[in-house]
Amino acid sequence: MTRSLWIDEKGRATSGGIGESMLALIRELYPVGRSITGPGLRVTVARLSEIVPLQVTEVPSGSRVFDWTVPDEWSVEEAYIETADGRRVVDMKDSNLHVVGYSVPVEAEMTLAELRPHLHSLPGHPDWIPYRTSYYSPNWGFCLTDRVLQSLAEGRYRVVIRSRLAPGSLTLAEYVHPGETAEEVLVFAHDCHPSLANDNLSGLAVAINLAAFLRSRRTRYTYRFVFAPATIGSITWLATNESALHRIRHGLVLSLLGDKGPLHYKVTRAGDQAIDRAAWHVLSTEFPGSKKVDFLPWGYDERQFGSPGVNLAVGRITRTPNGEFPEYHTSADNPDFLSAESLAESWLACLKVLEALDGDARYINTQPKGEPQLGRRGLYRSTGGHQDVPERQLALLWVLNQSDGMHSLLDIAERSRLPFRVISEAAADLERAGLLTPAG
Amino acid sequence: MTRSLWIDEKGRATSGGIGESMLALIRELYPVGRSITGPGLRVTVARLSEIVPLQVTEVPSGSRVFDWTVPDEWSVEEAYIETADGRRVVDMKDSNLHVVGYSVPVEAEMTLAELRPHLHSLPGHPDWIPYRTSYYSPNWGFCLTDRVLQSLAEGRYRVVIRSRLAPGSLTLAEYVHPGETAEEVLVFAHDCHPSLANDNLSGLAVAINLAAFLRSRRTRYTYRFVFAPATIGSITWLATNESALHRIRHGLVLSLLGDKGPLHYKVTRAGDQAIDRAAWHVLSTEFPGSKKVDFLPWGYDERQFGSPGVNLAVGRITRTPNGEFPEYHTSADNPDFLSAESLAESWLACLKVLEALDGDARYINTQPKGEPQLGRRGLYRSTGGHQDVPERQLALLWVLNQSDGMHSLLDIAERSRLPFRVISEAAADLERAGLLTPAG
Amino acid sequence: MTRSLWIDEKGRATSGGIGESMLALIRELYPVGRSITGPGLRVTVARLSEIVPLQVTEVPSGSRVFDWTVPDEWSVEEAYIETADGRRVVDMKDSNLHVVGYSVPVEAEMTLAELRPHLHSLPGHPDWIPYRTSYYSPNWGFCLTDRVLQSLAEGRYRVVIRSRLAPGSLTLAEYVHPGETAEEVLVFAHDCHPSLANDNLSGLAVAINLAAFLRSRRTRYTYRFVFAPATIGSITWLATNESALHRIRHGLVLSLLGDKGPLHYKVTRAGDQAIDRAAWHVLSTEFPGSKKVDFLPWGYDERQFGSPGVNLAVGRITRTPNGEFPEYHTSADNPDFLSAESLAESWLACLKVLEALDGDARYINTQPKGEPQLGRRGLYRSTGGHQDVPERQLALLWVLNQSDGMHSLLDIAERSRLPFRVISEAAADLERAGLLTPAG
């Protein structure tokens, strides 16, 4: 039996609504101060759990994970810079980005010259606050707009960061949707960035809504959604789940999915895996303007999944890639930078990629000599001589022509340049008519 | 011994004459009312047999051919629409296209509103009559210019189609030119279209003239020319010749060869067969502007030859492909739409493709260490230092360089981008000089 | 241990000086009258031996070399054309190019009409003298500017060529730089052209200076530099060294390296050898504007190395290829046509190609699960969140990601599009940090 397609015309129509709902979730989570460990991460995971219940694992500080060690947990209560006369010129209350992530505690008076090496700004974007961290090198610092930095008078400043670095744990969260087989599709989104909307509240919103959608569907694959901090989080997850990694057949890293740029698919390390073919087929045929990007060991957690000792077939879907839009890693990456339409389109694209992956199968044409007579089975228009052929009939002909047991529906969709859905529906019609039977 | 090339400079010069002769044949056969069965088909085959004697096979109505059944034979005596006052507004006497192919008999009076669902016109081309058929669904209808359709007044009309649908047979015709081996090259042209010139009187004219040319030549392959109706005809031929199909090594479907567009080669289902390479090499090097088209299970009888249970390496040569010129399947596809030059060029191109296929062979360079000294054998100019190298000498160097038993003349022609004929002539010269010997 | 890179920043800075020095050598050797045998060839080889001592081999006239025979040795004392009143209108003293190479002796009076078939000029470039030879067909002739040719009055002329064709020998010269292995890289430059600067004094200058550079370096491969006449010289060298050819793994023909055009790499006969990949990687990433040219059995001695019975992986580096600049094989190809910058760049490009070939190796990432923590090893900047990644850090990530024992440094350089040197330096850093170990 051909697997039912998940997204019908009606499903597509609702995607407008889902975009607004994702944007609302992003606005809600935007003010939370996240880092690679700590309370902000737990608040975020708890909110996502209201949509789809996530299983949370806390990995203690000091745990060895591959070449790394889970760091102490970091939290920060307040952080500000005051002038000698008590005026706060920079205050974390205004933006989580003001304090460099993992800053060690400090409470001191110093001159502007002494303070300056600890201040980060963006001269090219004088009204934006940059995002900086120092996870593994004990340090402290403030990020501020260049306009404020330039306005600071010489003199003495009081500098306060009330942070805490102490043994605690790193928070992992996941949801598993069981399928017909134990073979898994991994969907990963990093959740450690503080008040940045595209990076990666957009990825969290799309991933949790993919999980919510699949929850009520029958699927061939088992789907595993993992939410974890970037780099140390995916490494921790890989190290603590090493014995189960062999089940993962395909995977996607999701991030930067709310800006108005075109969709970008970054291929797996091998570059020619099923997920690469499914993703690029769907994006190139159904989302005009999409771009394919080569693998590069730089970016997000695809770097870890694609390391030589892990080597999972994990691709990445973003809209504009990291570093290629000026708002990246600045205070300008806020909810107003995103659009509900982009989020909805990203969600739909991801779903269609998973649909193509899940619904791919090989069939055998039961009447392989010449074309079968589709007309008498009601699958073909009865008058002949027309100049063109409808896409639907062309799909029937393609599926019949290529279904020799060697070509899967995705192969056929790729060769015909017809959307996977059209090919898949044609296969379903042909199977109903007795002209197609599953291979093997 | 290198096989002699078929087409010399003199042969090329005569191709102008062959174009005129093919166009005359097309004008003669244009008025004949053909369909997938019936008397028009037999008249056409009889006329082609005057050029090269064809062996005719009649396959009875009702015969099971793969998934299909040979239909009843159809003939039509007259077909017209009359106004209440006896004025004939549409009459098959003016054009065979006026009656929908395989229309069932009708003799009735009806209102324009009742008649209208049976009328077919082309609003975008108000002076052209479209071509429509209804082979497998009992129906009747008329095709007419949109100008006439729009001029019809409300009122009652008398509708007459004196057709006959009765057990008879489907007509197949073929000619076999025996070669040195039993391995066959199939050349197929469909012959079922009524008064349409490019589709496919042009294909018939080119195919029968290729047969006439080869008749007096010694060839390596056996050449089988088949003339049959589209779809049901090729299916009938395949089904009734199934046990002999294994002899077919290469094939070409010929159609749409008289318009002024560039030559198009449509690759076989596999896309990388010897016929694909020979055809595209010849077209791309010798017929500038030619285009290569991917396989698509839509078009002409390459669909049947390329079905998974038949899977013969059959490509297709046309000029402008089906559906890509507005005159396609309309009364505007008449002899005036064709040119003798195009027909002659198509014939020459097909012949050169067959020549490259037939003349391909592997050789061994007998002096493979360094270049042999061509000068002392009279194969190389005696002065050195020139800025360029003549094509003929370059061909000698290419053949010597690549003739290691692994590369055939077609391989060498492809890599060097020199015409096959030039490479083939160089091989003949080198063999005469003792520098080349057949491989294997 | 990673092999040390040859060319440091300082080495690059000196390449200006090397260009001037090569141009001076070319000016010095330009007036020498060379041919495929004879005294000019020995003078040239003796001068090159002052830079790097060459081993000279004389192969006697009449020796059978593959399909060829070493010709008699040719020398010419004087050659001129005089008018009846004793005015010399063409005189070899003015340019070696005036006499057709290998002209037989002549001393005769004749009319202009009788003389004319022996005169060669370039009507399109009336002030340039062409270069012509007649090595294997006994003949004589003069090359002259078309302006002089057109000015010759009817009447009688005295024609004198005091040349000598007699048993002697053909001169081969080579230098071997021993490496860690007996596997060889062949560098070949033809040395038979008379007063032509780009063709091929430029190739001689670059080749001898590559030899001089490598002389003091430790290399993996053994490097064999061969200087010999074109065609008959490479054939003679191949025939007399046949039993040792199996040691040659890679090779380059060097010629036309001083003009201002972009660098061109002509691939080996197979087109996909290590030398092809190293050369094109270096040229395409470090020498913008470089072009890759397909193999063609026409050009220089790559034709002989790429003949089917020899079949060595020898590519070719030139700037503008033979025949593609108007000065080619004319008196306009003189030292003023060359630039020291072009010569220096050619030398550097060749050296970098050899460096990539010699330094290529496979490694294993010792921490292959996820990325190793580079920060604590001082290999990574300590602050996070930046928009971009420095090339050097990207190279570290690429080497770690791809070092699974299957990919060599050249593979990684090709895939990352980073210069080989940057990848090679990253590998050295990682090996020092214990993160990389040689494969196999």
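Quick notes on this structure:
Which chain is which? They are A, B and C, in the order written, and residues in each are numbered from 1.
Following the convention adopted for this analysis, contacts are C-beta pairs under 8 Å (C-beta built on N, C-alpha and C of every residue); 3 or more make two chains touch, one makes a residue touch a chain.
Note that the coordinates shown come from a computational prediction; the quantities given were computed from them, not determined experimentally.
These two copies of the sequence, subunit A and subunit C, are related by a rotation of 120 degrees on CA atoms, to the nearest 5. Shared numbers divided by all numbers used gives the overlap of an interface; between subunit B and subunit C this overlap falls below half, so the copies present different residues.
Computed centre separation for the pair subunit B/subunit C is 52 angstrom, with centres defined by C-alpha atoms. The multi-chain contact residues of subunit C, meaning those touching 2 or more other chains, do not exist; every residue touches at most one other chain. Residues of subunit C touching subunit A in their complex: 365, 367-373, 375-376, 382-389, 394, 397-398, 400-404, 416. Residues 65-68, 100-101, 130-137, 139, 231, 234-235, 238-239, 242, 269, 296-298, 303-304, 306-311, 323, 328-329 of subunit C touch subunit B in their complex.
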